[in-house]
Every structure is written in structure tokens, then in C-alpha cells.
Amino acid sequence: MPFALKKKAIIVENTSLSEDIYSIWLEEREIALSAKPGQFLSLFCNDASRLLPRPISICEIDKAKGRIRLVFRLAGQGTKEFARLKPADTIEVMGPLGNGFLPEGKKALLIGGGIGIPPLLELAKQLDCEKQIVLGYRDKTFLNEEFLPYGAVYVSTEDGSSGTRGNVIDAIREHKLEAEIIYACGPTPMLRGIKAYAKEQGMSAQLSLEERMACGVGACLACVCKSRDTDHHTNVKNKRICKDGPVFYADTIEL
Amino acid sequence: MPFALKKKAIIVENTSLSEDIYSIWLEEREIALSAKPGQFLSLFCNDASRLLPRPISICEIDKAKGRIRLVFRLAGQGTKEFARLKPADTIEVMGPLGNGFLPEGKKALLIGGGIGIPPLLELAKQLDCEKQIVLGYRDKTFLNEEFLPYGAVYVSTEDGSSGTRGNVIDAIREHKLEAEIIYACGPTPMLRGIKAYAKEQGMSAQLSLEERMACGVGACLACVCKSRDTDHHTNVKNKRICKDGPVFYADTIEL
Amino acid sequence: MNTNITIAGVTFKNPVTTASGTFGSGMEYSDFVDLSRLGAVTTKGVSNVPWPGNPTPRIAETYGGMLNAIGLQNPGMDVFIQRDIPFLRKYDTKIIVNVVGKTITDYCEVVERLSDCDVDMLEINISCPNVKEGGIAFGQDPKCVEDITGELKKRAKQPIIMKLSPNVTDIAEMARAAQAAGADAISLINTITGMKIDIHRRSFALANKTGGLSGPAIRPIAVRMVYQAAQAVKLPIIGMGGISCAEDALEFIMAGASMVAVGTANFINPAATVQVIDGIEAYMRQYGVDDIKDLIGCVK
Amino acid sequence: MNTNITIAGVTFKNPVTTASGTFGSGMEYSDFVDLSRLGAVTTKGVSNVPWPGNPTPRIAETYGGMLNAIGLQNPGMDVFIQRDIPFLRKYDTKIIVNVVGKTITDYCEVVERLSDCDVDMLEINISCPNVKEGGIAFGQDPKCVEDITGELKKRAKQPIIMKLSPNVTDIAEMARAAQAAGADAISLINTITGMKIDIHRRSFALANKTGGLSGPAIRPIAVRMVYQAAQAVKLPIIGMGGISCAEDALEFIMAGASMVAVGTANFINPAATVQVIDGIEAYMRQYGVDDIKDLIGCVK
């Protein structure tokens, strides 16, 4: 995309899925047409005191209508501002950014934890293979019913209020789920657990990582993670999450 | 007003009087009830990168509806933001601030220049005496017709496109206007001319001054003007325009 | 829950005061703020004789901040002592008087005079960037900081706070100099020298050319300096620079400040001081912090 | 209308470049910006061997600005020379290479190596606050500035720009030291050391504790320092610090900068550099300025 810059997207819908989780549909045709599951958008605040973009993963893509869905949790002032957006409001965005998940067509386990669940929804829709979907929550669930059309859905909650009490690995063990590949997104401790589990099981795993970002396009080196090998671009053992990720094969990165 | 703080006012109407002059009616009952002609409001920007209040004079007061009218010229980013306000939007304001004009009940000349004209409108409405109103413009006129109900209106324009070609003093001389007191607001060179004219004619004059402001309440000493005598508060020859003014008797200040 | 803080023997009911020069003598804001809520009121700098200050424009807005070059206009100590101290004493708050001068003799004169007045602490402004002589010059050289601190300590009956300039290479060095000469506390930061140019008029935005930058824009610099000073000296620190809300204030406290001052934020929101106090208490309740002292310098 | 600027024999088609470290090697932004529009691309700092940089989090947002502690991660000069210079040479723009090191020997090694490369100028970063050794330490002492400038001048075949640190008491002193030792130009300001504390986690927002503050928040400080340096030395100045639009850039030019660099603004608006160039031209047209040189230092 030569000279692709920031774009003004139009808010089509903004609903809250729970007290602190919001779901926004925004319209920006070009972005919708090129977006892939696992990629993200940089969202800019209208409040000029907050300069940096907020990276938010793509949750669903509606190419026909030229729309993108984002699901996010209230974290600080930026997400609070986004939560107040109303239909017809505009927001400045850049994207789609990063490399998404790489569909492999093998029997798959999709594993999401907390606010890492949204990017798996579009993946679940697009993955053309046998899928088992494991969603881990602290307590309240969200978005889980929307996964039902795409595969068997297993839920874990830390407080045991729904599904398996415990974490996603507990749910996988409880249901003896088997697969050839894992696609996962969630907090670092969960990803670390999944990496170990995948190794133990001899499965490959694609993990979506998170780090603070400034440029979002690979220029500033803010968002690195440690890599197993020397990276071709950085020439050190650092990969840029925004540009080389956010999705990486588990065995190529240190967690 | 004990513990009177910033208030959220509601925009009732925002119209443009010319390419770069806007007229806003805002609703804030408490402010409307206590406001006097010649006082001003501190208007705060919604854009958080701009912290300082913009002082804008009160143009009209509608006590019945609890509303205040402001008329302002696009000067920089702050006034540009205000110009975009739509009915039902809110804006943070403080006020009414400063001391307004002091009605003296003598035969009066109201003299306004450019964006100094708006504060004279409410004064014209409230002054209960014989009034002659002189309004000076560069070229295009605005607000002049709204003065017609309150007295004889004389216009001057620098380019001669309406009324007397020249400045307000030229118009006064042309029409041989006489009065006991002048109430004036406008650019400093105009006020300087009026001060000299009033002295020459032995008239008293109340002038409304302008200076950059931070606090708007007399605390920061940003907005001083030079005074003839040592000021009782500052103990130097400086008066605070926001607190002691913005209206001063011409002979008490240096211009 | 305890928010009391004792500095050099003076106990403040809470750790929040006003930054000198942004709150007048307290009088100007007494219509907006219940002064008795404040830990202390810190007054505008006062000199031996009345100062007229700089020509206007004295201020300019900048991105997330402002420049000022007021030039320490003040009515002089006689009027101040006679009018402003009795006014402030009507409130249940401590009084910190900010002192300015052009020469060490000037400072000494004011401090000696205030020694017999009913005020709680003196804050010595050796860091004002907006006056030609004195001010900042004293605050940019450790030897000068030591000299002036020593001279004033001999004369002051109240504890003295040395207010440091951020316009230095090494703030720790200045803090150590103040400590070495016997200062009771330090406060920082004063404004950072800045400039704005009006590109349409092709002139300086301020009559004084340069001014002091304050407001949220400078907060990260101020927090860093408070942290560095806290690592370097044992003196209590009054932290300031861009504090507008309790979250901001807590950053300073966790970096090592025993008290904080709210400055430019008063102009934007006259309720800022009280909101900071309420917000600190809310934070303490939320996290079960019993004593504000447990938060001072807790991030290391 | 002329926007050409010649510095130390190198002619730039316009006075706008990128601030080192905010534009990668140009490659990362080449999808967003036509690099041939730029007066020059200034690359991320390059060292003799690859540097891994600091642990994450490396950045934090602040009011109107950001902190960074990237720690000068870079692939080292070998990869840089082999990959990035040929890439940039495909565009019609000048190449300024930012050089970093931990010791004078390190800097010398990079400069010697680059001497035989096809680049237009070298910018020596003696002001990075985010590395433990070298970096800023060189930029805070006039003697060090002189020494390193002198050593590098002996070795460099291209003109050298000394990039000064704003974390100093007197920027003019540093500018004079660079001039005395033969620098061809100076650039300023690098970032200002700052700190942010996460009050909920009670920890530093950055793994490195402190970081460098950049963005619009620091602009008034940067403009002031450019002005002070311009008054102190005859060297051409590349001004930077919070430039996001043409108005900002013109402030620096009128304060005395011959060129300007756009930094943090690239992250917020990848079109910033080009918009600055267009905006400067629009200003010149609006006010009938025939030559950009007539604006340099026009406010005195």
C-alpha cells in the first residue's frame, strides 16, 4: 500500500458487552478489504493530550459492508474515550497493521484468554478446518456465544462460575482436546503456559503478543520481544511485535 | 459567590455573523442571573492541549431564559474550536468575571471598534439615558443593526464602504456628537485616541482593556496594565485587567 | 487513615499546598476554594521592596503548558506582612512564604523581617528564570546554593525550603548543596526556561523573550528530578510541576516527595487543590493505605 | 521561491529532515512517505557492533509527549552500511547518519568506517539519555564535547553535526565547545530525561526507570535552546523537539535553525514531514518570502 496514511473511520455501532468490554463496528472500506485475522489497527485519541496510537486487534471483518469490528476492554483514558464514541462519530486509524495468523489447514485449537479472545473470532470464521475453541475468563464471559457457529467451544473461568474452573490448559486437559496446531492470544503468562504445553505435546503454536507501541509500523523499536535467533532485520535477538508480529510461532520467541 | 467554580454551559445557538465572526448563545442560569455588561467569561477549550481560558466579553444577557450571548472573532485555535460548537454541546466556563461598565446616567457616547463592539450591546440595552452609538469597522459591518433600538447609531469604516470613512473619532467629529461620558471597547490604538479625545473635550471615559490572561481571577498577575497611581492591591503602578477591570476610567490608566 | 505530614517540625494536615505565584496570596482564590482544606498555602514570591514585574505580554500558551514571565511582581514585604498574613491566619492552614531577591542581602532582609512574623515556613526562590538579576542564577551553581542557604539559615527563625531550578545539568548536586548548608527541605521544580515565537508577527510571544514553562507538559521532567533528589539527599521534598489531579500528585509522592504543590492547574480548574486532596484519600482507601508516609518514595 | 539550504557544502532541497530514531532507516516509512520529498533522511543511531537495546516497556505516553528508553538498539554498522545506505540512495534525498558509541574509540570506529561510504553527513549523538555509558555523559560537559568533536573531525570525511543534550545548565557553552573543536553544525535538542510512575502498580512505567521526553510538550524548551545556541555560535543549527506542523518548524527557523527535524510526530502522523514541507512553502507564498534563508534567525 504505497503512501497509505491515517484514515478517518466512521463509527457504525458501539455497544457494551459487559461493564468494561465494548464492541465497536467502524467503517473504512480500504482497511476492511485488506484486513486479515490477527492483524490490528492503531487507534488515535481525539484528546490531543494523548498522542500515541492504541493498538486494538481486529475482531471481525465485514468486507461486503467495508466494516471492521473491534472489541476492547477499558484500560485507561484512551479506551475510555473510545467507549464514549457514538454512531457517526469519526476516529483516526491506521491499519491493518502487522502480520495476522497464518492459516495452516490442520486440526486446530483456538485459545483465547480475556481480552485476547476477540482476534480469534474472525480467525474462527475464516479457518477452514476442524476447530476446537477454548476461551478463558477470570469470571464473567463475553463473546463466547458468538464462537458457537464455528466449532466446539470450551470455557474456563478462574472462579469456576462457568465451564472448567481454572485456566485454558485446565480446560484442554479436562476435555482431552487434541489438535495439530494452536492459535492463541491472551496474557503473557497464559501464552507462556501454552508454549510449554505445545512443546510437551509436540504441537506447533502461533501466539499473538502484546507490547507498548509508538509507531506501529516497525520504525521506533519500542515493541520488541526477545527472539530465539538473531532477527534478520534488527540483527539482534529482538523482533518487532508491530511489524514482524503480533503473531509468532511459539518456538521462535522467548516469553 | 462563595466556592463558585467552573461550570458546564450548554450551547443553545451558534450562528456566524460573517466569515470570521460567530455569535453563540449559551445557557447557564447562575451566570446569566449575575452578569453585568462589560464583564466577561473565561471559556475553556475541549482540546486538552490548550489549557488556558479564552476571555470573551458578554454581549447580551437573557435573565429570563438564563442565557448569555457571546460574539467572537476567529483568532486562533481556541476560537476556531468554539466556532464548531453545535447546539446541545457543552463548554466549560467561569464567570461572570471582572467589573463591567459603571452606568452613570449621563448623556452617553458608546464607542466600539471591531471585536470590541459586542460588549456594548448589553450596555446599550441597560443604559437608561440618552445614547449615541458609534461603531468602527475595518470594512464589513456586523451587529450594527442590533443597536438601532437603543439609540442613534453611527458607523465608520476604514475603507469607507459604510458610514464615515476613517475611524470612530472621525465619525464623532463628522456628526459633531456631544456627550458627558464615553463607554468604549476596541483595539488599544482606538482606546488611546478616545482617551486623548475625552481629555480634550473634558469628558470622562470608561475603557474596556484586553490582555493575555491565565487565571482570570486576579491571582497570577499576567494581565496587568500600567496605572497612573500605585494600585492598592499590587502596591505598584499595575492594575489587573481581569479583576480590577476590564473596564477602567481612562484617566486612571496608561495606554 | 492518616494524611498528616511533618516537615522540619511543622505538621500539615495533608500533603497538598499551592505552588508559589499561582494562587496569589490565597485571597484571590478564597471565593473558589476553602483554604482550610489545604495542607498549606504557599504565597507568591515577596521581596524587600515592591517589584513592578515585566512588561506584557507576560504569558503564552504552549502545548499542554504555558510560559510565564511575570517577573515576580509583588507588593513588597511591608504590605504583604500587614495585609496577607493576617488574612491567611483566619484559615486553618499553614503558611509558607515564598521569598525572592536580587542579591543575597535582599533575601536576608526579607527573611529577617519574616522571622518575627506569624508564618510557618519560608520557601526561598533561587530559581526564577524571569528576572535579570538574582533568581535563577543562584540556583544554577552549587556553590551559590550553599552560600545563600547558609546565610539564610543563620537568620531564619522558621524552617527554610530551598526551591531548586530545573535548568541544571545535575539536580542532585543542587539538592546536596542545599542539604550541606543546612536547608530544612527542598522544593522542586520551578519552571523550565522556554520560548515561543509568533510566526505571523515574527516576534517573541513574550515581551521578556523567554519565560518559564509550567503545566502538565513538564511533569515527567519534574518527577524524574524529584526522584533524583530523593536518591541524593535525606531532606524532605516538596514536589511540583504539572500536577492537576491526585494521580499526578501520587507520582511525585511515590518518587520521593513528602508534599506536593499544585500550580498552573489552579488557573484551569480552581478546584484542583481540593480535588487532589480528595483523590489522594480515595486512593488510600482503595488500596488500604493507612498512612500517607507509606507511599513516600515507595517506588525505588 | 527557494527552499534550498546549504550546510557545510551539502545542499538540501528543503530544510526538513527526520529526527534520528523516529524514522528507522527510512525503509519503515517508505510506504507512507515519498522519501524523495525530504531534504534529508536522518537515520537511527548506528554503532560499531549490533546493540540489543533496553528491556521493555521501552516507551510511555505523557501529557503531550512520550518517554522512550529504546537504548539505541541497532543492527550495527556492517548491516547498516550494506543494507540501509543502498536503500536510501535510491531516493532523491540526502543521507545523514546518526552515530552512537560507548567510548570515544567506538565513535571513531563508526565514523572511520562511514568515511568511505556514500552518505552526506554524520550526526554524532552525544546526548542519548538512555544508555548507561557514553551517550549523554559526553554531551553534558564542554570539555568532553570538545574532545570528542576534535577526535571525530580528524577522522570524518563528511561534515559532522554534533547533537547536543538539553539536559544541561547552559546550552550555549556546549554549542561553543562544539564550534571550538571544529564541528560543521550542531543539532538540538535530543530528548529531556523524564520519568513516569505507574501509581497502581507502584512501579516505573519504563523498565529503564527514566526515559527521554519528546513531542510537542518540549517544544518551548527546544525553541529556547536553539535561540540561545544561535546567539552563541555561527554554526548552522538543525532544530528539533516537538515539531508536528509547519508553524512549529517555522518557530525553530525564526529562532535560528537552518534546518529542522520531525521526530515523534512521525508516529502520530506519518505524513508529518511532507506536511511540514508543504506548510513552509505555503507560509512563504502567503507572506511573499522568496528565500527560506530570509527567515532563519529573523526573530532577535
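Residue numbering begins at 1 within each chain, and the chains themselves are lettered A, B, C and D in the order written.
Methods note: a residue touches a chain if its C-beta (ideal position, glycine included) is under 8 Å from a C-beta of that chain, and two chains touch if they have at least 3 such contacts.
Keep in mind the model is a prediction, meaning the values are calculated, not measured.
Undergrad: Would you pick out the chains that touch subunit A and also touch subunit C?
TA: Touching subunit A as well as subunit C, we find B, D.
Undergrad: Tell me which has more C-beta contacts between its two chains, A-B or B-C.
TA: Between the two chain pairs, B-C has more contacting C-beta pairs.
Undergrad: Can you tell me which chain lies farthest from subunit C, using the average of the Cα atoms as each chain's centre?
TA: Result for the farthest chain: A.
Undergrad: What whole-number Å value describes the gap between the mean CA coordinates of subunit C and subunit D?
TA: The mean C-alpha positions of subunit C and subunit D differ by 34 Å.
Undergrad: Distance between subunit A and subunit B based on Cα centroids, please, to the nearest Å.
TA: Subunit A and subunit B have C-alpha centres separated by 56 Å.
Undergrad: If you average the Cα atoms of subunit B and of subunit D to get two centres, how far apart are those centres in Å?
TA: The answer is 46 Å.
Undergrad: Suppose each chain is reduced to the average of its Cα coordinates; what separation in Å results between subunit B and subunit C?
TA: That pair's centroid distance is 35 Å.
Undergrad: What positions in subunit A touch 2 or more of the other chains?
TA: Only 48-50 qualify.
Undergrad: Find every residue in subunit D that makes contact with two or more other chains and list them.
TA: Subunit D, residues with two or more chain partners: 63-65, 216.
Undergrad: In the complex of these two chains, what residues of subunit C are touching subunit B?
TA: Interface residues on the subunit C side: 21-24, 28-29, 31-34, 44, 50-53, 56-61, 63-66, 68, 70, 73, 75-76, 79, 215-216, 264, 266-271.
Undergrad: Subunit C touches which residues of subunit B in the complex?
TA: 1-6, 44, 48-53, 94, 211-225, 233-238, 243
Undergrad: If you look only at subunit B, which of its residues touch subunit A in the complex?
TA: 47-50
Undergrad: Which subunit D residues qualify as touching subunit C in the complex?
TA: Against subunit C, subunit D makes touches at 62-65, 67, 140, 167-170, 192-197, 199, 202-204, 209-211, 213, 216-221, 223-224, 227, 242, 247, 250-251, 254-255, 283, 298-299.
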